[in-house]
Structures are given as structure tokens and as C-alpha cells.
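Shared chain: chain A. Partners: chain B in the first complex, chain C in the second.
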Partner chain A sequence: MKKILPLIVAISSALFVIVGIFFKESLSGWLSVVLNWAIVLSSVALLVVLARLLITHIGYITSGRQGFIYSLVAVFAFLFTLIAGFLAGIDNPAYLKWIAGILRPLETALLGLVAIVMASMSIKFLRERGWNALTISFTISAFIFLILGLGLVQAIDYAPLKQVIRAIEGLPMIGARGLLIGVALGAILMGMRVLIGAERPYDD
Partner chain B sequence: MSLPDLVLGIIGLALTVMVFSYLIKDNVFFGIALYLLVGVSSGFATLLIIRSVILPMLISPLTQPGTQAFYLALVPLLLSILLVLMLFKRGSRMGRIPLAFLVGVMTAMALMGISRGTLAPQVLSIFYWFSPGIVAGWSAIRWWGLVEGIAILIGVVAVLTFFEDRQRKISHKSPSSPLLKGVSKVGQVFLGVTFGALFVGILSSALIALIGNLSAIVDFFSHLFAG
Partner chain C sequence: MTDGLNMQKCPKCGKDNLAHMTHCVHCGTAMEDLFHFDGQIETPESSNEEPIAALPFIFDEMQSTPQSDDDSPSRDSSAEKKATDEDGSQSPDWLERVRERVRAEDDASGLLTKGLSALQERLESDEKGDAESQYQAWLDEIREKAEREKAKQAERLQPSPLDEQGVPEWLRRIRALHPDADEGVEELKTEDEWTEEELEELRRRELGDDYVPNHMNEQTAEDDTDEPEEDDFEPDIEHNIPEDYEDLTTAEAQSRKSKVSPAPIDEALDNSPEETGFVMMGEPKLDPDEVFDTKAVEALLAQSDQSPPARKKASRDAEKEAILQDLVILRGQHEKVALLKALISEEGRPLPSSGEIKTKKRNHSRLIIGLAFILVLLFSIIFIPKNMSHKTPISVPQERFTLHLDAMDANKSLLLVMSYSAASATELEALTAPVIQALEDKGLSWQAMTLRMDGLWLAESLFEKADLKNPPAPVFLSGGQYAMLNLAIKPDDQTELEEQKVLKEGMPKFDDFDYVLLVTDSSLSVRGWLEQVAVNQPSINTFAIISQKEAVAIQPYFDSGQILAYLSGMQGLAGAGSYAGIHQSVFHVGLILMILLLILGFLLRPGSDEQPKPETGGQA
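The block that comes next holds the complex of A and B.
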């Protein structure tokens, strides 16, 4: 019974949503109720995950584990942001300015770091994988799109060249389409496995 | 420059230097900057969730006893309590019911969304190039459109064959036929082209962020010294 009940809940809720989407006119009211429950529950699940994160870091601090200073920073920053937000109000411009003043430089600096790391990783990738169809096409494509990204070639007013550029710019869409279709087929397969109870992620 | 702006500018500068110190070596300052990001963003996310979802969709209906909204809010309340019990060892099994409900709803939404929003449009956009209206146009056959359509069809089939070939290698199944291996190589070329273009796109965005960050630091110093 302990294993059957979650299975029944998962399959019946999935079937209800699918039926509700197909028969929207008669079931739209109940469908929106169920979707609202799902929104509330996913938010509570996220809060539970954040609480678990906080508890784990507090555990690291109290046990004095190596690198507990990082946990101290995370817990202090979490509590400070939360309490200040409750006291000042989340819409308070001064509060938002301080939060943005901390988050924006961190995020942009990390993104800048990503640029440098990505450039070095691409060279490492080529060294480790050697020259094959994937790496050669990757390198040529990156080189061509870097040049096209400068916008200088597009400035040349020559009709056949413009047509060639248009064809080149359309090439990545072919691989992207293959990727999207592959991912979609995989996701549908996984969804069907959940629907028939062959996959039970809630049991793990 | 006002005092809060000055303090925020100094904090921003310090945080930027702390993040870029990673380029020398993975060090304590970089770790502190990362954990600060985790702490502040998770605290802000908690506030947003409570304000935008929990209060209006769960707590507010529960303050109106006897109404339909009140009774409808009892179900997520009960399921939420079961979820919260997962924080304690004894209650961890109880959380499987709300999780199963969430998995069920998300699976159904994903199935419908992906089949109607991704798979069908992508497949239809391939067949679009072979529709009589596009191929024949108004009078003569449009060869360039047909060539483009065939290239797209071959590319997509080749990419999917590459995935199949790779899966065979991972699961140690019998090797593919030489024809499939050849098609898989073509798929690799198309994937390489896509990844190359994606790489350039991400790299450019990251570089723009880097330049923006550096120019903000320059602006801060020029404002500071200008008084």
C-alpha cells in the first residue's frame, strides 16, 4: 500500500491533466484548480529545499567542518536578505537597490569569468578530443560565426554574398532541430514511463 | 555621489575583484563571493515565493472560512504539511504523496507541452519545405527551396542517427552498419556547426557582460575622483 498510493496519485493526476487539456471547455475550472495546487506545492517544495540547504549549512557551522566560513557567509546572507526584506518590504526601493548592488556585480563578473573559462576550455576540448568530424566542424563554425558576428561581411553590398551568408546562418538551425527533436522524443518516452508507472522518481 | 552609492560601488568593486581572483587560483575570496551569491539569491527567492505564491494562493483563502476557496485550499495545505515533514527523518516517507502528485501534473504538462509545442512544430517545419505551395510556388519549381528542405531533412535524420550510434556505443550494443556510421558522421558535422554557433553566441554575451562590468568600475572611479 505504501508504494501503491503514490503510484495511484501520480497516474491519476497525470491522466486528469491530460483529459482536462483535451476537454478544456467542460473541465477548465477543475483543471485550473489542480494546476493552482501544483503551483503551490512546487513553491512549498522549493522552500523545503531551501530550508534543507540552510539546515545543512548550519550543521556545518556547528560541527566546525573544514570550510565552514563559506557556510557562515551563506547563512548570514540568507537570513540578512530574508529579515531585511520582511522588515522593509520586498517593494522597498532602497532594499531592492542593495540587493541589486550585491547581485549584479557578482552575476556579471561570473558571466565575464565564463567568457574567459569558455575560451580556454574550447582549446582544451580540441586538445583532448583530437581532430574529428565534430571538432573540425565546431572550430570552423565558431570561426565563421565569430567573423559574421563582427558584422563587417554583411556590410558588403553584393547580392550572391548575402545569399551565402543567409544560407550559412541557417545551418545551425538544422543541428538545433535535430537536438530539439531528439530531446523531445526522449522527454516523451520518459513521460510515458512515468505515466505507466515504470519510472517512479518520487520513490527515490 | 551619495554615501549609499559610494558603499555600493565599493562593494561591487570588491565583489568583482573577488570573482576574478579565480583566474589566479581557486581561493577563499572566490568561495566567499559564490556563497554570498547563493545566500542572497536564495533569501530573495524565499521572499518572492512567500509573497507571490504562498500568501495569495494558500494563506489568503484559508482566512475566509466557509467559502469554496477555503475548502479548495485545504488540499494543498495538507499536501504542503506532508512535504514539510520531509525535513524530518520520520516524516520523509510521507512526502512521497505530494511529490507523486507534482510528478504526475508536471509529466502531463510536459507531455502535452513538448508534443504540441516542440515536436509537432519542428517536424511540421521540416515538411513545410516539401509542401506543393512552397515547392511549385506560383508557376515554376523553386529548386533552391527544395535543396534547402532536403538539406534540413538529411541534417535532422543524421543528427538523430548520431544519437542512436552514440547510445549503441555507450550501452555496448553491436556496432552500427557502415552506412549508419557514415550518416552519423554527417550528423556530427551538423552538431559541430550548431555547437560552434552556440559557443560564439554565449561567448559574445559573456564578453559583453565582462565589458559592461569593467566599464561600470571605470565609471565608479571617474565619479569618485570627479567628486
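The block that comes next holds the complex of A and C.
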């Protein structure tokens, strides 16, 4: 029963959504209700995750675990934002500007570090793997696109070269199309597996 | 005793005497004229001087009964051989033939030949009337002996504590070392079945003063005897595997507690403790897997033609060699057992290498490279002016976006959907702000909606950058793609279900908008919109502003016409005066640094940190 009940709920919900899309005129209202249930459940799940995160970090602090200072900062920031949001309201311009003033530089700095980390990892990748087909192809492709990114080659007014550049710049598009086709096929397959009960992501 | 033997009458007293007697046992009269062997070839007088030393052996052989002497044939032959060798070179022809045949044969077949030779001798010396019965008896005896030899060989191949006759392994080894004593034992007991009393007697005789009665250790013996029964005759070799002489003495003391006593081995060693050479054994030269054989014992028989002291010494050496072989074999087995025990005891323990503290070599090269990377970028940001004229070709989506924006009428409405993080805000706001300004200039109605909570305060920043006086308040749509799908499905306004919508107050309706502008840093958001919402709202035209790293992922949707146009990264709105806020010079510096790093990484010490490749598969 523990396994059958979730299976029945999942399959019936999926079937109902599919049928609702095909018979939109008559079932759209009921479909909206089901989608609202999903929204509410996802919001509650977010609250559960928040509570779990808070309890975990409080546990780290009380037990004096190594690096608990970071947990202390996380709990303090969470409580401060929560209390300020309750008191000032989430529409308060000062509150929004204050939060944005903290978030934007932090997240931008993290994103900027990605470039540094990627450069470092590319060197490590080459030194650990040595020279083989994978590393050489990676290096050549990265080198070509970095050169193209400079825009210097495109400035050369030579028709055959422009065609070559265009062909090279089209390579990522080929990969993106293949990726999208693969994603679509995977989604269809996964949906079918969930419908027939072969895939149970909700299971333990 | 004289039944079945030929008798002769004394010519003087007339009483019976044995046929081969030279003098009457009653009156002492010489009967040499009457003495002769049946089948004996008459030789010249000189040959009548048959070796005197051989006669007692012949007499003994003649007097002994076949039933009580199992190994008489071999003994006869050996005795005759001894006699002949001691005597000199002269020997009868028949004896020479027997010797040659014995030399030609080996092992059990040699014994069989010896037995047959002795049988022939007996047949020649016996009377014709008793020949058949004695022949049959000897045949039976020889057959029995041959079967016994086969059984012993089988036991050697498959060592077991007890054979089918109940003889322990140690006793079989002792028998192999002391064939004469073995014969004596068998003489005492014609039936080859050992009882406890007989074993006790044998131990007492072999051990002498060191003998401890078995009943003294009855309890220990019972415990020890239970194990072999449970183990199905698992050979117990621990009790007689001395590592060296000290272990041997220890084993001797311990062996008294066990039923299967190593006393015979100890006795054999005690005969010449210094000569056993346990401490002198050195490295074993024998194959540990080799099984014990009786070649050393047979070598004793081959050396029997030596003088008595030399023969004794040779016998002792051969005995010692046999014991050493035995001990070396067992020692090899013992070493294997010790190795197996060590492996079993080490099972499950962590490998020594895993417990070692790895002295990781600190490599600061990557830290130095990273710091240099950051420093160069920092200097380029500070010292290179931002608004330099960089002309890059206008892309097709960029051109289309400009054309569509110019073609928008003032009576149209646009929904601005925001879904990006603060990290991408700088890039996307630089692209979006000119578009919003153009919409405001046209007098187009528009509304902002965010799919992320942080979009609420990021929208404030965007509006500030667009320099809007009274921007519309953004709406937060919780639930992500579920909420978008929920909005896209048009419920029947007449039903009561419309009243049950969770987020209906202030929520925009897609039907009210002609355009949708997606501002996002994730291609998933664009894809979710196109797959979930746009199919249910075919009248809405979709535009997108996306970060540069994700632009390639939405290009297929642009090619298919699902997106009318999009802006990304450096390809901002044409004529906006800047390239989406990206510092072109710093961007180029960053690209150059990346190229240099790739070249350095490719050329400098390639493979110096190379790791061993996994045998199967592996991450690319």
C-alpha cells in the first residue's frame, strides 16, 4: 500500500493533465485546480527545505562543529532578512534596495570567479591528462573560439575566410539542436515511464 | 614343527632327523653322506665348500614357516646376498640370477620378484610332495604383501590420520623408517588390526622412559579425538611440525596431551639428537609439495652389503635423511598454513598505503596564475577607458529585434517576464533598459512579472537604470512553470472553478497582451515558456533578452520562428550607444589571458601531473 498509493496518485495526475490539455475547453477549470495544488505543494516544500536548512545550521552551531561560524552567519542573515521583510514589507523600496545591494555584488563576484576557476581547471585538465585526443581537441576548439571572440579575424575582408568563420560559428548551433532533440526525446521517454509506473521519482 | 618336512633316519641309532641335518641330533653320528638339497646341482668338491656363513640364514629360512613370516622372501634374498657378499665372489648360479633379477626390479615389483625368487628357492629345496601346498601358500602370501604395498602407496598419495586398517599416520611413517621393526611387529600380530592396547604397548616400547600412559591424558585425548571425526579425516599436521629443535622439544611436551603422539619421531631423534640436524637443516632443498617416499628406506637395504659399523652409520644417515625430508615437507606445509593464517588475519584491514599520511606537494603555480589573471583584469578595468568605439557586426536576431520594436504600435501591450539572478543583472539590465525606454517613448503599455522572488528588488534596479518615473509594480508569480501553465490555460469564467484560483488578484492575463519579452539568464525558462505557455497562447509574440552564455541554446527557437527576435550579451539593441554594458577592452583582455593560459597549459610540462588511466571507461 505504501508503494501503490503514490503510484496511483502519480499516474492519475499525469493522465488527468494530459487529458486536460487535449480537452482544454471542458477540463481547463479542473486542470487549473490540479495545477494550483501543485503550486501550493511546491511552496510548502520550499518552506520545509528552509526549515530543514535552518535546523541543520542551528545544530552545527550548538554542537560547535568545525566551521560553525559560517552557519552562524547563515542563520543570522536568514533571520535578519525574514524579520526585516515582515516588519518593512517586501514592497518597501529601501528594503529592496538594501537586499539588492548585498546580493548583486556577491553573486556577480561568484560568477566572475567562474572564469578564473575554468581557466585554472583547463590547465589542470591538460597537465593531468597529458596529450591525448580529448585534450588536444578541447584545446584547439577553445583556442579557435577565443580567437573568434576577439573579433580580429572577422575584420579581415576575405570571402572564403568569412565562410569558414560562419561555418565554425554554426557548430555550437548544431550541438544545441542535438541537445534539444535529446532533451525532447528524454522527456517523452521519462513521461511514458512515469505513466506506466516504471519510473518512480517519488519513491524512496 | 617338523610336519611336512622330509626326514632322514640316522644310520646308527635309526632315529628320525631332518633331511638337511649333517649329524644326528640323538647320537651325533655324521650324516653328511645323506645330506643334500633337492635340485642341487652336483658341483666339484671345491664347490661343496659353500659359504658357511650363508648356511644359518638358509637354515633359518628353511625352518621358518611360510604362514608366520610375511617378508621371508625378501629377507632370504637379503640374507643370502649378505652371506655371499661377506663370503666373497663365489655364489651359486641360481643365487646370482636371483640377485640380477632383484637389481633389475624396483620398489614393489622388486619385492615381488624377490618373493618369487625365494619361492623358487623354496620350491627347489622342498620336497615334491609338499611343493604344491607350499607354492599355493607362498602365492597367497605374496599376493597379500603386494596388496599391502599398494595400500601403503595409496596412503602416501592421500595422507590421512588413519588408514583403513586403523594404523595412524605416525606409525606408518615409523614403519617406513623401520621396515625390520615393522616386520617384527607384524610377526607379533598376523592380523594387521591395531587395538588400543597394542598401540599402548608399541608406544611404551618405543618411548621407553618418556612414555606416559594414555589414560593419564584421557580427557585431553578425548577432546583431540573428536576433532578428526568432525573434520572427516582432516590431516592434523600441527602436532608434528617442529620449526626447529626447540620447537621440537616443545612439540614433544605438547604431544603428550594428544592422542596421536609424535613419540616415534622423537625416539628416532633421541637416538642421535645431535645427528638429526634440526639446527643444521638450513634452507630446505626439497620440494615442499613432495610426498614422503620410502626410497631412503630402500637405500638402507641397498647399503646392507657394507660392514656392520658402516652399515649402521649409513642406515642412521638414511634414517636421518628420511626424517629430514619428512620434516622439511611438513615445514613447507606449515609455512603455507602460517601464510594463510596471516592473510586471513589481515583480511578487512585497511591497506598500509591508505593509512599513510600523504605528504601532498604544495603547488602554488595555479595560485600564481590566478592572481596574475585577476591583476591583469583589474588593471585593464581601471586604466582602459570604457566607452571606446568597438564596431561588431550586427547579428540577425539583433536586427530583427530592432525592426520589431520599431514596428510596435502604441495601442499594443507587452508583458515583461523577468527570471534572472543578481549575478546576471548587470548584463541583462544593460540590454533591457534601452528596450524599456523605447517602449516608454512609444507610449506602449507594459507590465512586469517576475518568476523569482529576488526579481522584485532586481526590478527596482532595472527601472532605475531605464530612468522610469512611475514604473508599474512588478508581480511575483510563484510556482514557476506550473503557474505559467496555469495562466496559459483559459478557464471558463462562468464556472465556479474560476473563483477557486489561488493567485488571481492582480495577476495579469495573457489574453491582454500582444507581446511577451522574456528577460532571463537561463534557456530553460525560455524553453518552458515556449513549450508550456506559448502553445496555449498562440496569439502572443515572444521576444527574449538572454545572457550571452545561454544565447546559443535558444537559437534553434529563433530559427524555427517560435521567438521573433532576441538580444544577448554584446549584441544589444542597435543604436543604444553601448554594447550591453560589457567593457569591450576588458573583455578582450580576458580573452587574451585565456588564450595564453591555454597555450601555457598545453606546452609547459604536459603530463607532469598525469594520473594513471582507469582500466575501464573513465570520465572524459
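What we mean here is this: the second predicted complex is superposed on the first by the 191 of 204 C-alpha atoms of A that agree within 3 Å, B and C clash if a C-alpha of one lies under 4 Å from a C-alpha of the other, contacts with A are read in each partner's own complex, and residues count from 1 in each chain.
Just so it is clear, a contact is a pair of C-beta atoms (placed from the backbone, for glycine too) under 8 Å apart; a residue touches a chain by one contact, two chains touch by 3 or more.
Bear in mind the structure is a predicted one, so any value in this text is a computation, not a measurement.
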Just chain B (first), just chain C (second), both, or neither: which does A:123 touch?
-> second
More residues of chain A are touched by which chain, chain B or chain C?
-> B
Considering only touches as defined above, state whether A:67 meets chain B (first), chain C (second), both or neither.
-> first
Look at A:154 in the shared chain and tell me whether it touches chain B only, chain C only, both, or neither; answer first, second, both or neither.
-> second
Once the structures are superposed on A, label A:78 by its partner contacts, choosing first (chain B), second (chain C), both or neither.
-> first
Taking the superposition as given, does A:133 touch the first partner, chain B, the second, chain C, both, or neither?
-> first
Identify the partner contact of A:35: answer first if only chain B is touched, second if only chain C is, both if each is, neither if none is.
-> both
Looking at the overlay, does A:56 come into contact with chain B only (first), chain C only (second), both, or neither?
-> neither
Across the two complexes, what residues of chain A are contacted by chain B and by chain C?
-> 33, 35-36, 38-40, 42-43, 90, 97, 99, 103-104, 106-108, 110-111, 115-116, 119, 122, 134-135, 139, 142-143, 146, 149, 172-173, 175-177, 179-180
Residues on chain C engaged by chain A in the complex (per definition of touch) | 366, 369-370, 373-374, 390, 392-393, 421-426, 454, 456-458, 460-461, 473, 478-480, 482-483, 485-486, 489-492, 495, 497-498, 500-503, 527, 536, 552-553, 555-556, 588, 590-595, 597-602, 605-611, 620
If you look only at chain A, which of its residues touch chain C in the complex?
-> 20, 24-25, 28-33, 35-36, 38-40, 42-43, 90-91, 93, 95-97, 99-100, 103-104, 106-108, 110-111, 115-116, 119-120, 122-131, 134-135, 139, 142-143, 146-147, 149-151, 154, 172-173, 175-177, 179-180
Given the complex, residues on chain B that touch chain A span 4, 8, 11-13, 15-16, 19-20, 22-23, 28, 31-51, 53-54, 57-58, 72, 75-76, 79-80, 83-84, 86-87, 93, 96-112, 114-115, 118-119, 122-123, 125-126, 148, 151-152, 155-160, 162-163, 185, 187-207, 209-210, 212-214, 216
Write out the stretch or stretches of chain A touching chain B in their complex.
-> 2, 5-7, 9-18, 21, 33-48, 50-53, 55, 67, 69-71, 73-82, 85-86, 90, 94, 97-99, 101-116, 118-119, 122, 132-146, 149, 167, 170-185, 187-188, 191-192, 194-195, 201-203
